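Scrolling down, you'll hit the structures one after another.
What follows is chain A paired twice: with chain B in the first complex and chain C in the second.
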Partner chain A sequence: MAERILMKGNEALAEAAIRAGCRHFFGYPITPQTEISAYMAKKMPKVGGLYLQAESEVAAINMVLGAASAGVRTMTSSSSPGISLKTEGISYIAGSDLPCVIIDIQRGGPGLGGIQPSQADYWQATKATGHGDFQLLVFAPSTVQEMANTVFDAFELAEKYRMPAMIFADGMLGQMMEPVTFPEREPEISEKPWAADGHKGQRTHNIINSLYLQPQDLERLVRERFERYDVIKKTEVRYDEFMTEDADILLVAYGATARIVKSAVVEARSKGIKAGLLRPITLWPFPSEAIAAAAANTKAILCVEMSMGQMVDDVRLAVGGKQVDFFGRTGGIIPTPAEVLAQIEELARR
Partner chain B sequence: MATVFQKPSTLTDAKLHYCPGCTHGIIHRLVAEAIESLGIDGITVGVAPVGCSVMAYDYFTCDMVQAPHGRAPAVATGLKRARPENIVFTYQGDGDLAAIGTAETVHSATRGENITIIFVNNAIYGMTGGQMAPTTLPGQVTQTTPYGRDTSIAGFPVRVCEMLSTLDGVEYAERVSVDTVPNINNAARAIKKAFQNQIDKKGFSIVEVVSTCPTNWGLTPVEALGWLRENMLPYYPLGVYKDRSAGKETK
Partner chain C sequence: MPMGFLSDSDRITVITGHYGSGKTNLAANLAFRLREEGKEVTVVDLDIVNPYFRTADFSRSFAEAGIRLIAPVYARTNVDAPVLPPEIDSVFFSTDHVIIDVGGDDAGAFALGRYSAKLKAAGYRMLYVLNRFRYLNGEEQEEQELIPLIEAASRLKVTALVNNSHLCNETTAGHLAEGLEFAREISRKTGLPLQFSTAPKGIPFPEDEPCLPVDILVKAPF
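Showing the complex of A and B:
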């Protein structure tokens, strides 16, 4: 049987990436993703891989663009301010149909903000990770085990759909230690006939590019990309439900916050309040239909985030006109189960 | 009948979009000839910049990647680190390489990335219509220095070869010009050497080509060559700034 190892979320993520066949990691130091880079720096040389510290997040994401163009599994990690710098490169990667994995271990913002956990970059990750019409796959794990599992999926889906994938966590998940069993799974690395890896006289040249000066060409390509997005929305949505079947009060939360909310739900149930939790695992594609279904017979809906309320927009869109309440802490403050329970109790009285 | 002029097999049949008399065309040819004569087309990957030469990806027959503005050396780093057996080059203008991409240029150089950079210095932003570049000369009139580059406001030009030749990571830095036939022949030699260095795993090699932009300089192609000789060459002296393997560290 596979071994259970006690590990920090960030380290589990890095180890899983290596096991998933990633051999090219480009980073730039920033808290609270530090352990990912440190782990890569230590382990990559031992597996014949590369850890390269770039001069900036801008350079790191463009190194990823280059390595992805060459057809290898490649990854970068950062935290909020660094992700802002990567958005240019992410947009080019999306526009060039390249697969890669980007880790965002969020911290508080705006500006330099703080270094404590936050979920205030939901809009950035799901709606504006750079200019132009595009999406990335966004996975929001909520345990160390899930951090590890998600890496395999992120690489495979990024390659399947030729697009960037983001693992979107926060400082709390990154730093917490939990037992993890690495999936015994051989990486499925696909052929990349499109790669710029030298034609060897065997084919005409491959061009990796995002420039289309004819509007008709650009529109056609963007539309083709959005047709792929439609397939993803139908087939790749992931979420987890906890006690939603008979729930009067539906809670929606993701990532580390979902763990806190789960405790509050258990507590509420013990007090006779029928609460339930729907936890999106993919933030894009967003589990809109699942949320609508779970909310069909509830009396109240509460979205909890470590932000001033960002995912709540998507929850409101999902439930079409029903009232959705919001509770959030921001700036690096983690909501407590007691605070969430108090919100649930208030809704129950309403 | 003897063939006296032939397009290198490493250039596609696509029609170059450059303005009449623009030296980008000559430099493309020199790069293509180097790739052809070294027999490396099948293992070469070029990185196109943002600038007039953005569509270089259509002109070279090797695999090509188009990079964000200034990021070509970082993209080349990723390509080369992923497949060290390939030959990777960037082709960049002065705005791309010495303004927005300065960090990527300096750090790929100081890391000693085993890549080749072809740097086209035409003292102007060609593609966007003739704005001041980091290499625009003091007093030079551009769209954004309509009264001439005033160094008290806009500072001074960047001498890229001089700057990079101070870095230990650099193998080879040479400045050439394509204004006369002898200079074109010399540029051809330098460009080939910059590729050969990479084949020989010697490390970071850059060839700066002093070039013209007749369109945005507001001159005829011939006048532009004269302007280059009178104004650019004194500020940007030609020569080898560094050739580590040959024991040449500074000019």
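Showing the complex of A and C:
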């Protein structure tokens, strides 16, 4: 049996990336994700990989662009303000149809904000990670084990669809320690005939580029990219449901917040309130259909986030004209199960 | 002296170890235990490396128990600045039992070096906390490699090991037995005595060994 050990979320992400075949990591420190860089600095040389601490987040993401162009598995990580700095490079990577994995261990914002956990970058991750018409695959794990598993999927789907994938977590998940077993899973590294890895006189040049001076060319490429997005929306949606079958009150929450909500749902059930939780695992593609189905017979819908309510609009779109209530804490404050339970009880009385 | 972990001669206890080995949980449990025995206790949070999961998180329960806490100036705020309070020096003039919770690894022990001369003059014991389940198979040598690095960074000597092996809420008696075996092996290889082990309350410790039953105080909010 595979070994079960204690790891911080950040360490598990780094170890899983190495196991998934990533040998090129470009980092820059920022709380609360620095353990990823520290782990990579320690372990990459032992597996013949490259850890490089760049001079800035901007440099690191451009190094990822370069490594991805050469067809290798590559990753960078940061936390909210650092991701803002990377967004230009992420847009270039998307515009060049390159796969990579970007980890965001969110902290409070805007600006330098704070260093405590937050989910206030949902809009950034799902709607505006840089300029231009593009999307990222966005995974929101909620346990250290799921963080480890997701790294493999993120690399594989990024390569399959030739686009960047983000693992979107928060300071609590990054810092907390939980038992984890690494999947006995051989990385499936696909052939990359498009890579600029040397033509050796055997083929024509591969050109990696995001600049198209002819608008017709650019439109054609963007449309082709969006056809891929349509496939992803049909086939790659992931979510988890907990006691939603007979729920009167449907809660929607992701990441660490989903675990707080789950505790509140269990507590509500013990008080005779039929609450249930739908947890989006992919934030893009968003599980709109699943939420609509789960909400079909509920009396109330409550979205809970560590933000002022950024996912709530996507939930509202999913459920058509139904009312969606929101509860959240922000600025680095973690909602408690008791606070969420109080919201559920209020909805039950309504 | 009950079971070898709370000696009156050890007025100042310094807790070091691998990042995430359980130093803070041990420090808090030792503090409450000493206080229950009627001792005056001061806890020093010397972790200026990691702003998450730290002894300063227990400020309220320490205050309720009558335990004095000295924490970095900006601990538990949004300012991530490595500033140590001058109050720390007061521990060298008091008669309190003092528990110094140091940051993880040699990086965390660096701040401790600032007090090495005073600690040597006052006398101290420096515990190195182990958790077998923090590591992947085949990485046990990391413990042996880390001890001299922590000693070099702090300019102090580790005097004993504490076996704090556990697997969070999945811990079984079997894990504790495996952890003890691991700690004994490290003890043999380093020549450092194994002072005591910990066991989460309610889980039987397998052998007639010095053992501190501990509450899980460092935990996530769900």
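By our rule, the second predicted complex is superposed on the first by the 350 of 350 C-alpha atoms of A that agree within 3 Å, B and C clash if a C-alpha of one lies under 4 Å from a C-alpha of the other, contacts with A are read in each partner's own complex, and residues count from 1 in each chain.
Here is the rule we use: contacts are C-beta pairs under 8 Å (C-beta built on N, C-alpha and C of every residue); 3 or more make two chains touch, one makes a residue touch a chain.
Since the structure is predicted, the reported quantities are computational estimates derived from the model, not experimental observations.
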Overlay on chain A: chain C relative to chain B, clash or fit: fit
Which of chain B and chain C A:M172 touches, first, second, both or neither: second
Which superposed partner A:I207 touches (first chain B, second chain C, both, neither): first
Which superposed partner A:A59 touches (first chain B, second chain C, both, neither): first
Partner chain(s) touched by A:L6 [first = chain B, second = chain C, both, neither]: second
Partner chain in contact with A:L50 - chain B first, chain C second, else both or neither: first
Partner chain in contact with A:K262 - chain B first, chain C second, else both or neither: second
Which superposed partner A:A70 touches (first chain B, second chain C, both, neither): first
Partner chain in contact with A:S288 - chain B first, chain C second, else both or neither: neither
C-alpha centroid angle, chain C to chain B via chain A, nearest 10°: 100
Chain B versus chain C - smallest C-alpha distance in the overlay, whole Å: 24
Doubly contacted residues of chain A, that is, touched by chain B and again by chain C: none
Chain B residues touching chain A - in the complex, by the definition given at the top: 12, 41-45, 47-48, 54-55, 57-58, 60-68, 71, 74-83, 85-86, 103-104, 106-107
Touching residues (chain side chain A, partner chain B) in the complex: 24, 26, 50, 52, 54-56, 58-60, 62-72, 74, 88-89, 92, 96, 195-202, 204-211
Chain A to chain C touching residues, read off their complex: 3-8, 11, 15, 31-32, 35, 108, 113-116, 171-172, 175-179, 256, 259-260, 262-263, 332, 334, 336-337
Partner chain A, residues of chain C touching it in the complex: 19-20, 50-53, 78, 80, 131, 133-137, 166-168, 170, 220-222
